[in-house]
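Worksheet: one structure, shown below.
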Amino acid sequence: MHRIPFAMASAAIAVALFAGPSALAQKPGGTLVQITQPEPPNLAPYISTSGPIGQVTAKVFDGLLDYDFDLKPKPALAESFTVAPDGKTVTFKLRKDVKFHDGKPFTSADVRFTIMDVLKTNHPRGIATFKEVTAVETPDPHTAVFKLATPAPYMMMALSGYESPILPKHVYGVGDIKTHAKANEPVGTGPFRFVEWRRGEFVRLDKNKDYWRAGQPYLDRIVVRFIADASTRTAALEKGEAHVAGFGAVPYNDVKKLGALPSLEVTTKGYEMISPIVELVINTRKPPFDNQKVRQAVSYAVDRKFVIDNVWFGFGKPAMGPISSNFAPSGLYAAGIDFTVADRIERANKLLDEAGFPKKADGFRFEIVHDITPYGEEWQRFGEAVQQALAQVGIKATLRYEDVAKWLKRLYTDYDYFISSNFLYNLADPVLGVHRGFHSDRIKPGTVFVNGARWSTPETDALMDKATVEADAAKRSVLYKDLVQKVSEGSPVIYVLELQFPTIVNKQFRNVITGPLGIYGNFATAYRQ
Amino acid sequence: MTGSELGRYIIRRLLQTVPVVLGVVVMNFLLLQLAPGDLATVLAGEAGGAPKEYIDQLRQRFGQDQPVLVQLFNYLRNIVFLDLGYSFRQSAPVLDLLLARLVPTLLLMGATLIVSLGIGVLTGVLAALWVRTWKDHLVSVAAIVFYATPLFWVGLMLILLFSIHLDWFPTSGMEDVVAFHEGWARVVDIAHHLVLPTITLSLFYLALYARLMRASMLEQRGLDYVTTARAKGLTDRQITTRHVFRNALLPVVTMAGVQFGGLLGGSVVVESVFAWPGLGQLAYQSLFARDFNLLLGIFFLSSCLVVTVNLVVDLVYVVLDPRIRIG
Amino acid sequence: MRSFRQRFLGNPRVALGLAWLGLVVAVALLADVLAPKDPFAIVGAPFAPPAGDFVLGTDSLGRDVAAGLIHGARTTMLIAVLSTLAAVGFGAIVGAVTGYYGKLVDDVLMRTTEFFQTIPSFLFAIVLIAILSPSAVNLVIAIATVSWPPIARVVRGEVLAVRSREFVQAAVVAGQRDSAILVTQVLPNTLSPLIVTGSLLVATAILFESALSFLGLGAPNQMSWGFMIGAGRSFMREAWWLVMVPGVAILLTVLAINLVGEGLNDALNPRLADL
């Protein structure tokens, strides 16, 4: 008698397995049209980390590892890895059944070539990520051993197909890697193979029938389209001509409208390994901003809520320090001084009075120029909102809007600015994305997106140096708590908001955003209903 | 004029254009040197940051560590052999990039020219015939309204109406990237995609041509030969079709010729709204990326075309109007 | 034959055009009185529709659209008029000098204008703005730079025609200095095409300013109609007034300028007008 319910239960499970929506729906086929903005300059993710490139090439290249939403590593080209107790040796066991798109097998020689000959020497971030790697040993075709000079726990976060794509040595090892013939016709091991790139129009990727994850990918094809005008991108999604768009490709105010359509859905997941932060970087060596009180006053003056609601239309939350709250699951997140308090304007005025800048007859204390990040409209609106906020506390700001090349030179080479909006990613680990903003090592004229504020203290440097080599999350979290507090007191950078990029997905397609890399994922499990 | 005279004239004109084009190249090159910031910085910026060594390495590879005059000399030396260089940002030879965009540009501009010239001339003639009636005023006002309405606004409104609400035309792009038609189906598909951008761009130009045609018609009608023709007993209709129309067309053709040269540079705004893969977009992007090899290539192509079109227009003049002497 | 004034002002289209332009100029001059506040000031809730607390509504940040329109009239007209004056001034001098002296100087000019002709003028303006960075002054420079060659050509053509006429020859024989002849004899005769071309240039300049602003290359610190269109374009569907209000202002102004320009043309060339 006890057996019957069990049999019934298992019958029910069997029904669910065979007739359930997932089993039926994951039938292969279909073309997914993704919008990427702007068009990538090339398809060589091993020499450029320009954002749009990865949105295409992450489907073509695999990495050694994958990550889940809590940023925990998962196997990919590496089935497993072990870190030696001293942290200086990392051994990867590689899959044996993997072939590149040209049919040649994938081996440890490809890993060695990719890391040592390409990423460590040519990849803009790889130079830092793999700085400690002295050698990659290949005892057999399916084992790769990374030898490190000092422990680099952060490196383990940077091994995705997006950040560190594994290249075939027999293709990219021939000829100059910097001007390689295959720079725009990538060859990898990923679920989709490159077919065609028609400039100004689209990149076409077709299903890799020999993909090592059996049965995947489900889609026949991905076409990545480039549409320069924002309103047209909205229209293309609305009409169903395109199915996926992320990274601010659609104007933030249009996203709600699109999300309300029955055919589309909106998610803000899929940016956990990127964690973008909107900030104001201050030239801390230029009066009056060499005064810490003035910097704090500006931080109080900026109305974060207004900016989130009216410039980014709700897609953000106030940033409480340099580290994004996306690091809360790993324990690395900490909040600094709360600059969003109710009496923030009074506090700002008081700080400015104390700093020795009283209001003059015209109501202003001093005049500055506010540079605007040249990334489009919302940045212009942000600049105008900051201008009005500063006026409220008696700082008269003139706006300056230059193009990218000019702006970067001004901020990171000439240091010829007062205060500028800025946009930085925390990336997969604070060592990679956060330290660069205020470590004394990173005051490097000519290098972009580093310590343009030119602010540092011996204490904060020491905290970061310790956190870099510390493998224990609990100990790191104590270091970061202290660091965040000190940085927020110094306010070399005003952390305004954590931007939550919306991704719009057509409901015909399921399982599109499946990990912390979002559109930088490989879409192997995406399928059409 | 004999055939050999014409041939010599063409050769002489062509020879004259060489220094002009080279001069234009030099001017453009020097002009772009004035822009602050360089490709290496932009590439590093696009990459979200890069070490100094990397940027220096890039500059060396681009030849930007050389003095400007050396760079200019190298560029000129290459251009003599029609080597337009390499776009480091796009990792492709400039010539390939240009040629890929040339066909879509010619398609859009050709269609625009035909539509705007056809309708523009027709409405211009009608307006001239109806001169100072309410119909003439209506045409003039409509022409100015089209002329003064921002192109992007017209474009987006057309997308809203014909693409989203009526579902007659696709929103953007040059062909259907889900179906990937082939053969005649592809031709039809591309024509289908061409409709809205052509209308948008044509509205602007047809306004110009209509106004010019009207003015030109009126001017011709006031000339002495019309009086003579009338005295000879020709009807108004005969005068208009045989003489006035043909002569009035000349300035419009000149204008269209000049604009066709300019049109080949593409229309940044319309290409942007309709995601049309033309040269205007390419030029715009390469300017802001400081991809000067590519931008100079576009300018070079554009100047060659303008010079050629000028020559053709002059020849057409010589053929159409025997009073104009070459020399 | 009626006098110039009768022909010009008696034309109802010209009267309409002048009336609108007069209104725009008056608003531009009185901007600080009509809307004393900074047009960039955030004064209310964002996206308030017209005919509520604010006559023409508010934009995405809660700025008063009416105040923007008023101050925008000043910036837009100033940029348009100044760039036209610069282009006409420079173009006229170059055209007159080359037309008068001919040959070598003439060749140089023709080659130079060819240079300007080979780069599409809008693209050239964008290049100039990228080099100079967006500001009101630089907009004037860029627009003037791409606009002067046609003026120079027009003036040169007229000067060539006038130069051989009897009264100029008489002045040469009388021993007048070249500059005096140019200014007193030649230039006045080129005035009518110059005025007509120039008036249309103002309209073109307004359109240039708005197109540059559409691309985000407008002056960031001056409220202009182009700026308003650029800032409102993303919200065209849910807040139509943001683009419509400045768009209609531009449309009417360009229309008015064209009407006046055509009227000028007709009035200055009476033979044509009296057909």
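Letters are used for the chains, namely A, B and C, taken in the order the chains are written, and counting of residues starts over at 1 for each.
What we mean here is this: a residue touches a chain if its C-beta (ideal position, glycine included) is under 8 Å from a C-beta of that chain, and two chains touch if they have at least 3 such contacts.
Note that the structure is a prediction, hence the values are computed from the model and not measured.
S.K.: If you tally C-beta pairs in contact for every chain pair, which pair wins? Let me know.
M.R.: A-B
S.K.: Would you kindly say which chain has the C-alpha centre located farthest from the C-alpha centre of subunit C?
M.R.: Of all chains, A has its centre farthest from that of subunit C.
S.K.: Can you compute the centre-to-centre distance for subunit A and subunit C, using the mean CA position of each chain? Integer Å is fine.
M.R.: Using C-alpha averages as centres, the distance is 46 Å.
S.K.: So how far apart, in whole Å, are subunit A and subunit B when each is placed at the average of its C-alpha atoms?
M.R.: 40
S.K.: In whole angstrom, what separates the CA-based centres of subunit B and subunit C?
M.R.: Each chain's C-alpha centroid was found; their separation is 23 Å.
S.K.: If a residue has to touch 2 or more other chains to count, which residues of subunit B qualify?
M.R.: 35-36, 152, 156, 160, 288
S.K.: Going through subunit A residue by residue, note those that touch at least 2 other chains and give them in order.
M.R.: 231, 403, 406
S.K.: Spell out, as numbers or ranges, the residues of subunit C touching 2 or more other chains.
M.R.: 130, 233, 236-237
S.K.: Once bound in the complex, which stretches of subunit C touch subunit A?
M.R.: So the residues of subunit C touching subunit A come out as 40-42, 46, 60-62, 130, 133-134, 216, 220-221, 230-231, 233-238.
S.K.: Residue numbers of subunit A touching subunit C in their complex, please.
M.R.: Of all residues in subunit A, those touching subunit C are 230-231, 251, 253-254, 257, 310-311, 372, 376-377, 380-381, 383-385, 387-388, 398-403, 406.
S.K.: If you look only at subunit A, which of its residues touch subunit B in the complex?
M.R.: 31, 33, 38-39, 41-42, 44, 48-51, 122, 124-125, 127-128, 178-180, 183-184, 198-202, 204, 223, 225-229, 231-232, 235-236, 238-239, 241, 403-409, 413, 424-425, 436, 444-450
S.K.: State the interface residues of subunit B toward subunit A in the complex, per the touch definition above.
M.R.: Per the touch definition, subunit B meets subunit A at residues 35-39, 41-56, 61, 86, 88-92, 97, 100-101, 104, 152, 156, 159-160, 163-164, 167, 170-175, 177-178, 180, 271-278, 281-282, 285, 288-290.
S.K.: Contact residues on subunit B for subunit C in the complex?
M.R.: Interface residues on subunit B, with respect to subunit C: 20, 23-24, 27-28, 31-32, 34-36, 131, 137, 140-141, 144-145, 147-153, 156, 160, 218-219, 221-222, 258, 261-263, 265-266, 268-269, 280, 283-284, 287-288, 299, 302-303, 306-307, 310.
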